[in-house]
Each structure stands twice: as C-alpha cells, then as structure tokens.
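Dropping the structure in here first, questions after.
Chain lettering (A, B, C and D) follows the sequence in which the chains are written, and residue indices restart at 1 in each chain.
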C-alpha cells in the first residue's frame, strides 16, 4: 500500500510549508499501518499549463502522473489563498483531469480503486471551500472518497499565525482528530478496494 | 438495499420537477438491481429552520431523518438557482449536519456505511458548483462517495428549456451515461459496505 | 438614505443572532452618517419557496421586497453552516432573483443604483465562500458592489465560540476595520448613485 | 480611459482562445467609446508562484502589474476547467492579492477607483462559479464592481463545441447582451470614478 501526497504550496521544498507539516501527521499514521508515503512538492517541478497527459517541452507532469498511477491513496494538500486552494493545486487538478479519459485494463477510468483525500492549511478562512472543490474533482474523475477525509486547520479571521506557528502554542485537537479520521479511513478503503476492486459493471468508459 | 432520494425542488410534488425526472432514471436502474427507492419531495414537508435533530413545533424533519437512517443510499437531488443548489437542498444539508454528532452502535458517525450521490438539473450553468457542495457535505458528515456519482444536466448559457423539455428533442447521452455510473457505483458500494462495514478504527467520535 | 439588512440567521428575532451583533456595528456608522437602517430577521417571516415576486398563499416575501425596493443600500447578513451561507439567505437570493426581470422607469433592472454588501459570522471557516456567493448574486442582478464590502468574523478551525462570545475576550480589529470599510464605502456609493444614477445606456433590459 | 484584459487561458497567444474571442466583443464596444484596450495572454509570461509583488528570478508579473496599475478597467478572462476558473487565472488573483497592501497617495488600497469585471467561456458548466470567485476577489482587494459585469458562454452538459465553434452556428443573444452590459457599465463606472474618486474616508489602510 502506497500513499502519494501532492502538496500545492506556492513555495518549493527549500522552504517550510505549513501544509507539509500537517501532511507529516498523516504520514505518521500511515507508517504505523505499514503504508509507504511520498510527498511531492509541486512547486519543485516545471509543470506545463494544459490538459494533456504530457504537454511536452520539458513538462514534468508525466513523472508525477506515473507516481499517481502507482499510488493506492492520493492526498491533495493545499494552502489557502483568497479563501481558495492554490493555483498550483488547481493546476494539478487540471492535469489529473487530463488523464481522466485513460482507462485501466477493465475499461474503467484509471483512477478507479484509488482513494482520495485532502489536507488544507491557512492562516484564516477558506478550508471547506478548498476541500469541497478538491474532493469533488477527485470524485468526479474516479477516485473513491471515504468519510471524513477533509483535514484542515485555519486560524481566526484576519492576519494571524499559520499552522506551524500556531501549533507552538498547543496542538489543535480538532485538526488532529481529523488527521486520524483521514488516515484510518483512506487506509481502510484502499485496502478494501485492493482486495475487492470495483467490478466493471455500469462504469466502463465508452 | 434501499435508496432514499431527497429532492430539493422549490415546487411541491403536485408540480412536475425536472430533477425528479432525472431521479426516475436512476430508479430504473435500481429496480433492475433489486434496490428499492423512495423519493421525498422536500417542499411537501414543513421543515423548521435550525440545526437540531428535532426543532419541535410541528417540524417534519424527524420523519425524513428516520428515512435517512434506514437508507443504504442517500441521493440529494437539486435544481439550480443562481448557479447553486436550491435553498431547500441547503436546508436538508443543515438538518443532516444537525444529526452528524449522533453515532451508531460502534461510535462512528451515524452516516457511516451509507453511500451518497447527487443529481442536479438546471436550464443552464451551475451543476458542478451545486454537486461540489453537496458531495462535500455528504462526505464531511460520514457518507462514502463512490466514483462518478454526480449526475447532471444543464443547457446552454442563458434562458432555455429545462431538462424534461429539452429531452423531448433527444436524450443526453452524457447525462444518461452518468445516471448509469451513479446507479451502479452507489449500488456496488452500498452492497460492499453492508457486507463489510467500516471497522471502528480511528473513526470513533469522542 | 436608507439601508436594509436582511439577516438570514436560522433563528427568529426572539433569539440572539451573532450576525445581528455584527450588523449593529455597521448601523452605528450609518447613524453617524445620517443613514437610517432597518434589520429584517428573515426567520420571523413566512417566505414561500419559489422564484416569483409573490408566491401567494400567505407568502410574506412581498412585504420584504417592498422594503428592498425602497432601500438605497441592501446588506445581506448570514451565519455559516457547513462552510456556506444559510438556507434562509439562499432563499432570499432566490426571491431577489425572482424580481430581477422587473425594471425601473428607465428600463434597467430594478436593483440598479442600489448598493450591496455582506456581513458574515460563523464559529469557524466559510466566510469568504459565503461572501463570494452573496456578492456575486447581488452583482449579477443589478446591485453595485463598492470595494471592501465583505465584513466577517470566524474563529479557529473546529468547535469554538461564536462572534458575540468571542468578542467578550476582546474585539477583532480586523473585523472592525472591515465594518468601517463596508459602512463608508456603501454609504459613499449610495450617495453617488443617488446624485448621479447609472445612465440607461447599454444596460436596458429587453 | 484604458482597459486591461488578463486572459487566463492555458494556451499561449500562438493558439486561438475562446475566451479571447469573447474578450474581443467587449473591446469592440470600448473602441466605439474611445476606451483603449490591451489583452495580456498570461500563458505567454513566466509568472512565478508566490504572493509578493515581485518574486524575482525572472518573474514577469511586475510588468503585468505595472499595466494593472495604469488601467482604469481590469477584466479577468478565464476558460473553465473542472467547473472552475483556470489555474492561471487563480495565479493572477494570487499575484493581484500580493499587491493589495500597497496604497495610493491617499492611503487607500491601490485598486481603489479601478473597475473590475469578468469574461468566462467553457464548453459546459462552471461559468457562474468561476465568475463568482473572480468578482469576489476583485471586490475584496479594492476594485469596484458595477452591475452585470459577469459575461459568459457555456454549452450544454457534456462534451461539445467551445465558444468559437458554437458561434459559427449562430451567435448567443444572451451572451452578446451581457457583453454590452459589461462594456457600458464598466465604462460608466470608470469614468465616474475618474472624475469623482472615492474619498479617503473610512477606507484608508492602516
């Protein structure tokens, strides 16, 4: 079992990411369950605009897409800007959508039997809006969404500390509870779909 | 196996509902699969504003909520107004949310092991926005969202025919394909979760 | 100059409303400017579902709609439920939209020369999402939206105090600053549009 | 009077853009009114991720930002992907937001007295959702939003022709009407705010 995290932070991995800090909490649970994890900091890659699987000209999405294809669980992580997911996360969704007409050997969308979830951090407001669009996108292209797989932290309205800074004054029980929900439920569904894949009935693409 | 449809049309059942027409197509599939269906036209009921399970004073939500509790599959249906789901559908979500702290005998949210999906119709634009908020809400409170369970029809930008009228000139292959996706995938997951419920690991409410 | 506030709280005016508490801060500014204000607690009224100006059968929207027509400034206030505006606020938007094909004596939409704004409160996350849909709706049907007229307060992720309770520990400078922005900018634009209405050029309805 | 269009198409200007085709209709009106226009195809530029005014390292946003500062009208144009505005448009919003703490000589946000609007095209569903988030973002950072400045075209649900292709069979009266609304109302408000700028009362940043 393998989990892939696509972190849509606007910062490359040379800089700290609050979303990464929350992702690490999910990974701790996965480790205990024997699930391997890889985190992709999308800003480290040169991802071309477009909706083809490979846009050419040095487009690095294809290597990310290979990792998506090999993952049992895909978690989209995003910071919040202007009350929404980041542009980089939006681009990842455009590129995932670009692969949505590909099929597995049974003729289903290639994302069938993969499990999705989301992790969102922001200094204020926008988590549910970001989560909503991400969960919908994953579901719309073929991922399975277990219950309670939208894990987030945001602070009070207005300027204020981001996740890592805020947690120095004490962890958020609410957020930690939802880390646990996400970790256990994505793991359970991924195992279930691995042992009993969705049968190719009524869901084969034409 | 039993499916409950909550139709958030602004019209009572004495009037035709385009959303109902699309719901009926899902029901046709369910019938062939031996799944029973009930459609609730929410506008027929006096549902009190609020977020308690029972708001008292003649509030009829509790009878609907009993039906939700007894269903294996819950499909929210909505028309589109101003590019969004209807106020009545929003109210149903508020009331479903009002029951989200209730637990089953294992301590999980009461909606665990239930499967959700959505059906949306409008004369133009707004289906994905409506679907996104409904899918998210269901997922956030404990429903499982199988792949491809957002079935919709909308027409071209601007004033124009609604679903039933438009279909008189020829059915939408796209929409019908998604009716099939929704029917088969909700049915499969409902069966799977009935035979193998989500174990109470990491998802018990505190 | 007159301002109308439509408070979409799920509670009637016999109960305290956090959104009302924030609305009162706007009214304080309006009083100093000589602008009169009226707050409608929508839950006090029996508003019929539908998108006609008058749905009949005791529908009380028409009396509210008269007040809208007489106002220079219309502020939609809403609590947050499930990261979104309330069902009652959504219904008010449906009913306002129902009047959007009415015209003034110049043939423009009846909401021309009226100014819109929004006030949102919630114990956590969802303010920008609620504000976004409300501002858009107002703009789409003919209201003018001055800069910075989305005033909100939300707390940290998870369960926590609502606006009135939280303010007992100290006011939010951020929110208060935005109360001021909203009050001054709506007032300025309302005055400007009163003295120099939008000319009927290119915006007359057909 | 000068209008700047930021076209968030995923394609560079060497390729046709449906959004550009709709933008050109707005420009026709502006020409008749003596308003000059410039269209920026954002995909032609190397815009760095981030929320600073200048991210350095060859970031080309600063040259676009200069054009924004010199414009009286700023129109965001976007295609629809997955029912939402494009990642490139989202990035433009992030960068505009990055300049939102800059002030004019009166201490107001730098976008004061500028007028905003949006143009959206997609082969299906998502226009109002895209418009809503763009209008809100512009309003939130200081732009003025006149009535009826969300102009869009989308086709019927499912795969189908895009704007330019669809228009070969006949223009959309609805969309053309809204092109006219947008052009006249943005022009009027831009003129009004040029001759009577928003006074620095209650809206000076601290």
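We take it that a contact is a pair of C-beta atoms (placed from the backbone, for glycine too) under 8 Å apart; a residue touches a chain by one contact, two chains touch by 3 or more.
All values reported here derive from a predicted model rather than from experimental measurement.
Between B-D and A-B, more contacting C-beta pairs join the chains of A-B.
By residue number, the contact pairs of A-C overlap by more than half with those of exactly one pair in B-D, A-D or B-C, and this pair is B-D. Measuring from the averaged C-alpha position of chain B to that of chain C gives a distance of 29 Å. Rounded to whole angstrom units, the spacing between the C-alpha centres of chain A and chain B is 25. Note: centroid distance chain B to chain D, computed from Cα atoms, is 36 Å. For chain A, residues touching at least two other chains, in rising order: 82-84, 128, 132-133, 136, 140.
Contact residues of chain C toward chain D in the complex are 29, 109, 111-112, 128, 131-133, 135-136, 139-150, 177, 180-181, 183-185, 188-189, 192, 196, 198-199, 201-203, 206. In the complex of the two chains, the chain A residues touching chain D come out as 10-11, 43, 49-51, 81-84, 86-88, 90-91, 93-94, 97, 133, 136-137, 140. For chain D in complex with chain B, the residues that touch the partner chain are 82-84, 124-129, 132, 152-159, 166, 172-175.
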